[in-house]
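By letter and in written order, the chains are A, B, C and D; residue numbering begins at 1 in each of them.
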């Protein structure tokens, strides 16, 4: 399935468009997407930091996603590095 | 010496002018003034409450006064019932 | 370096100004500002309140406000700006009775400093509150007894 | 009974408004309002700051703001009004980045509720800060890692 991943914070440095689309074989869990995202980052983005990804979580628009959860049916997720608001 | 005592909070109910003048024999300490004030209150003010006086302290314009302290040379003090600001 | 503003505002002439408090405690080096605003409530101990009269021994009250600011600075260090203002006179429900604020580099300091300000004002400043009730009665609030040699670090934790 | 306002303010269109926060959390039955205002500092970790860009995942950020308000209400009870607003976009030194406020019957509740609001926003909201330095460099702040199943009662006490 096609998954559109919105990039925030330091991940924006990886792609100025602010999102990336990846294809993951179904049935796909969040952990599968994480592996695909890491492979994509290592292959395409000089600024990609695996350590940042390890400290990041995936989320839908309404909630954080656990690693063993299925990906949202609408195929839209965000990858959230450690937060620093306020 | 003549001591002018400003009245605050519930003590204002005792005298609408907001102050009272008492004569205390020198050398006078705060505790002497307290005794004179209590005697005056019991004698002249129907609204006077000895319990309120017991919970009150005397003060100059710059500091609270201890019971064994001498009265200020300018003869001006205030009697401060328990506070309830804010 | 610690900057302090302490005010008594006669409600017949002016109102407390929360924006002025924020402004005063701001500084380019400060990331955190905590402010506390006390307002007259419509109900106290179950009685409907029309308004509150605040009586104040002004010169000593200002000294206590300044001491509150000094205690806040002692707690968090010299990089702080503090503001204490209290109304006096007859206030209506909703009127601002007290505004305190602290600006500091970080938020934890701002919270602790602001709390210190209001606790000192509440428990040590010579201010008296007379509540006027809808039924026509008026009562001076029971308060916190001052002691002649206050421990500067002492602040009660109870509410009144 | 708990009333809540949560906002994301695009700095290109508007500014955060501390007065609006005070107004929103006011109620005739509330005697205490505590507000925290976070501003952009001129110096961070010893580096001179020109400004800060805030990036935000808006829909989830608003949900976290609402959860912050719910946690505050859970802490002090239903008689509370809370306000959370965070700026996004490029801010200059001194600009308001975040305003949170809580109004409650008494002051202790207001302080605890306000502190809860800002801690949840700081540690759980999907917001990222990029600092722009006078020397031309820009750095995304290191932050607080989110976890997929946050303990609702969990708030870090460290500063960042």
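Simple rule for what comes next: a contact is a pair of C-beta atoms (placed from the backbone, for glycine too) under 8 Å apart; a residue touches a chain by one contact, two chains touch by 3 or more.
As the structure is a computational prediction, the values presented were derived from the model and not from experiment.
Counting only chains that touch, the fewest steps needed to get from subunit A to subunit C is 2. In this entry, subunit C maps onto subunit D through a rotation of 180 degrees when their C-alpha atoms are superposed, rounded to the nearest 5. Averaged C-alpha coordinates put the centre of subunit A at 25 Å from the centre of subunit D.
Subunit A and subunit B have centres, each the mean of its CA atoms, that are 73 Å apart.
Computed centre separation for the pair subunit B/subunit D is 49 angstrom, with centres defined by C-alpha atoms.
Counting only residues that touch two or more partner chains, subunit B has 86. In subunit D, the positions touching at least two other chains are 38, 107, 118, 122.
Pairwise chain contacts in this structure: A-D, B-C, C-D. By the touch criterion stated above, subunit C contacts subunit B in their complex at residues 38, 54-57, 59-61, 63, 86, 97-98, 118, 121-130, 140-150, 160. Within the complex formed with subunit C, the subunit B residues making contact are 6, 8-10, 12-13, 55-57, 59-67, 69, 78, 80-86. Listing the residues of subunit D that touch subunit C in their complex gives 18-19, 22, 26, 28-43, 93-94, 105-108, 110-111, 114-115, 118, 122, 157, 159.
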